[in-house]
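Right, one structure below, let's go through it.
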């Protein structure tokens, strides 16, 4: 009964995120084990492999993908490596869970989408983990069930306590906004057609030259409005909030995550999740368990697709244009039918 | 048109609470003015009167009550003075708003109730201001409308940040619990028939000899349960919480009073009301405005009555017995019919 | 002692809002009485006056303002009448509390500002009552005290359950947005220099032709960002929410007003304030009490000024331009120095 | 490398809870597989086993425990079967995760404790899953770190929407209160020495003869107070709330679980978890993952122990006494030193 043996996974890239995923697959996910790890820092890969029985290092990522001891691949390598590695996964027919971004530009993302479409089988899942968060899932279910009527407006806030010194203004769009773009597309089931980035006067605590906060204003194909506050040097905590305003009511998630309510010294309070691990740990675990389950059972993966990765890239590309020009930008995308109909 | 001229009020006792009431009547209440003040500290009274046009000091409280320039009386004198002053108000037919306690013991309270009943006209209102708080009023309205079905259980918490050094264990019952007793009687429309005071091991921060916290366990005439946490040295803030558990659901008030929600430095939070003024300022204002309106319009006052003061005193008396004995105590009360039927 | 006799107020316009103010001055405010009422519907004015001892109807609003029995004026007349009535108040040196709008266009508003400035004494207060709401006042105090550091971004939501059939798209700007404009100017102590109105696809439940919801995007003189969701056919309740995002943290008000928390039938919940009276009743009362106190004590009124009314009008004027053109609009205002320096 | 192969688990009892555990071990827990299932309903066991590759039915529970293909045991059999099965596990040296109760009476529980102590190795973990809930764990960590100072009082509420018709008054104590007893012992690190069950007048919706709600009043060895509202026919949802009141502040968990906040039709609200699976699913998963990890790594299990099961049984035994007598009851327990010192 082949399907029920453990899924043998290669994890490519074992930096912070990849190492998290190795630990996840090894110690919290049922039905998978990590048989191969790879990293451009060979010592890092050796160190990770040493802690896992039956796990080898393969120094070339394409060899790792091709290895007969590998059923499926997790890509946590730097974005510029994704295109070639994704195409290799497609070539070898191996399911792959790819951390965002799909690739680093819109054209190569589209190329990946096309190549997968030619295969006629879904192999690629993009790591938009929020879709697996209990609250986002519940919000989506409410909308799908019509509990709130037709959605009209989406307000999002994405706040980080701090970013590395190298974090530039365009990275706020590509690394932070990208998640909110996927959330909007996921909740509304519509493409985003235009975007404007507003740059208020900067936070005095932000590094010189970093436009922070930024406000993104987006419009969907049927005219729904989405706004996102992006603020990555708050000094507060990791805060991600989403509010849908709809025909029959509104719903908000993410306001008070972390439920111990304290009262001391004149104030009521509670801890806010300090980082994405605390906020979205459950979402990552669920994402991986479902991906492993889908792959093992031999069905197509059903999480966010290469198309979702391409669409997010196209919106962020237009976002960076707007960031630079100060003007609204149209999102340039091919029609989905042109791909699936091909 | 006599009824619509300003109500001329004598305020007896101008300590912290009485001075608050003078300011309230003078600067926030429509249709009243303070024409007489009295205090056993004559200088205090002089000082207050000096700030109010047309206000005199009368040094004898009974003269103040009898004065023709006085339409109605507010009693904020120490509890031991209440009996004589209340009886004087009854004798002169003057409406009186009496801060709790009605009197300092059950027998004299009952005597006051009887004397008012003999007059056949309600003149006495006891200062249980919480009945005029928006939230308590809404909770009462929900219960009266049957929105929650029959009430079954009441949980209360009464927490003070600190008390004066002179505050003894029995004062926790007489000064703090008394408000919760009235809340229970108000919400349930039933008398309390038994009470037990539990003394957990004391807060290390409480003064030596003060039993704090205390837990009061009460039972109403139809078997409803009431529990109250009394904790007067929390060091936190002024917290008063009430939860009714009923046949069709439950309702809680007082959890998050003060609605500015802040997020900073890793925590979400908000200020808790530091004292009873911040928590119940609106309730006091409403209490006084309604009392003034009722008196001016010539109808009977309709707030908490002398009977409510007597009943609360009877419950607290039994509470102090239990505090001392460590055993449950029955509440000794005459039947209401024996008074109103006389 | 003249200062301490009751302030004699003329209320001009006794529709819904004006009648509320008459009731407020008559039954909840200390130190004032309504001596004159006026309305273009004479029967309405007669009916109101009949319920108030010592109150007369004067059929001409300018006569009412000039009447020697009137110390101060409340304007709750339709906007087009304001200019002439305000100028009459200035001419007679009578303090006036004017419901918004100051006047119906920017030029006449500026003219009123200029005429008051020439007098060298503040007589006009504009009815932006939110500044007197406990929560807005607390938020302002936090900002002034630097508790949150420098403010950067303001998010507002203004939702009404329904509007009359006559309510048009520009009224959303002039009647609803105007309050948020004042809130932004109040909290940030800065002028708004540009505004854009975004029209998402409309709520299916909105009347034909009404652009609802609308999103207003504004920028202050130092580059702070303000966004406002305006949605007047929600079918939900009256919801007004404000969040300041600042250098050291953020603060939100208005999320859960009405503090009885219920739990029944599988859900936790609570009532939202159904209308502006429930939400801002306390703010109106405080606004009026402070105005009466200031006028009686002979000092200048210190609430929102004619300039605040002018500035709000100028921003809304630009907002309506943007609503019509679909493009951002600059706010055209004279400099404040050009007035006060005159 | 024996330690890292999958843990082979026998699940005894595959009713609702046991079947949940089979699914958990099979599809969500890393490093374990179910090799044997057993149930007194053989068809039920066959049906479960059929869905799991490599899983057999063994019809005799003691044979299942002894089977060489079994490394560890999960007991989800009815309480009366536990004693014999636990002793068999001890005899075979097999780690066992036993759903509460440890056994059905205090004496046999104590016997199990003694037998394990004689082995000098911890093999038994009792299924008090709440200790693994994120919020309880955080509350415990706060207390251990002294963030709230010394704890003084614990308030608990345990509400079920409904119970089966067979549910009797003593089951409220044995099945519901038992969890709160463990929570109190866990958070306070102290034994409970006395208990009183109060029976308010019953919920009209409760089945005839069921005392519901019940209030449990407990006292710990150092005099800390614990009260618990037990209410199993609320018709509302599954609600479990815990509040610690301590020297420097208080902390509450369980108030608003389920974080999607909705606003519609005049009310704000949110779904409450309908049952224990939704409320404590994460806790069960974490409990099992940690147990599997501990057993695989060859260390002693470190979750709630046989002693914890014995102590909870002793408190509930006294609780049932009090339920029947109406009087407070002392908890009869041997000293822990008499066991571990033996």
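A, B, C and D are the chain letters, set down in written order, and residue numbers restart from 1 in every chain.
By our rule, a contact is a pair of C-beta atoms (placed from the backbone, for glycine too) under 8 Å apart; a residue touches a chain by one contact, two chains touch by 3 or more.
By chain, UniProt protein names: A, B, C, D = Inositol 2-dehydrogenase.
These numbers were taken from a predicted model, which means no experiment stands behind them.
**Q** Please identify which chain has its centre, taken as the mean of its CA atoms, farthest from the centre of chain A.
**A** Using the mean of the C-alpha atoms as each chain's centre, the farthest one from chain A is B.
**Q** Please tell me whether B-D or C-D has the greater number of C-beta pairs in contact.
**A** Answer to which pair has more contacts is B-D.
**Q** Indicate the whole-number Å distance between the mean C-alpha point of chain A and the mean C-alpha point of chain D.
**A** Once rounded, the distance between the two centres reads 37 Å.
**Q** Need the CA-centroid distance for the pair chain C / chain D, whole Å please.
**A** Centres of chain C and chain D (C-alpha means) sit 58 Å apart.
**Q** Cα centroid separation between chain B and chain D, in whole Å?
**A** 44
**Q** Can you list every residue of chain C that touches 2 or more other chains, as numbers and ranges?
**A** 235-236, 248-250, 255-256, 263-265, 271 - these are the residues of chain C that touch more than one other chain.
**Q** Report the residues of chain D in contact with chain B in the complex, numbered from low to high.
**A** On the chain D side, the touching residues are 149-150, 152-153, 155, 198, 200-201, 203-205, 213, 215, 217, 219, 222-225, 227, 229, 231, 234-236, 245, 247-250, 255.
**Q** Note which residues of chain A are touching chain B in the complex, please.
**A** For this pair, the touching residues of chain A are 161, 235-237, 239, 256, 263-272, 274.
**Q** Spell out the residues on chain A that touch chain D in their complex, using ranges where they run on.
**A** Per the touch definition, chain A meets chain D at residues 1, 4, 25-31, 53, 135, 138-139, 142, 148, 248-265, 282, 289, 293.
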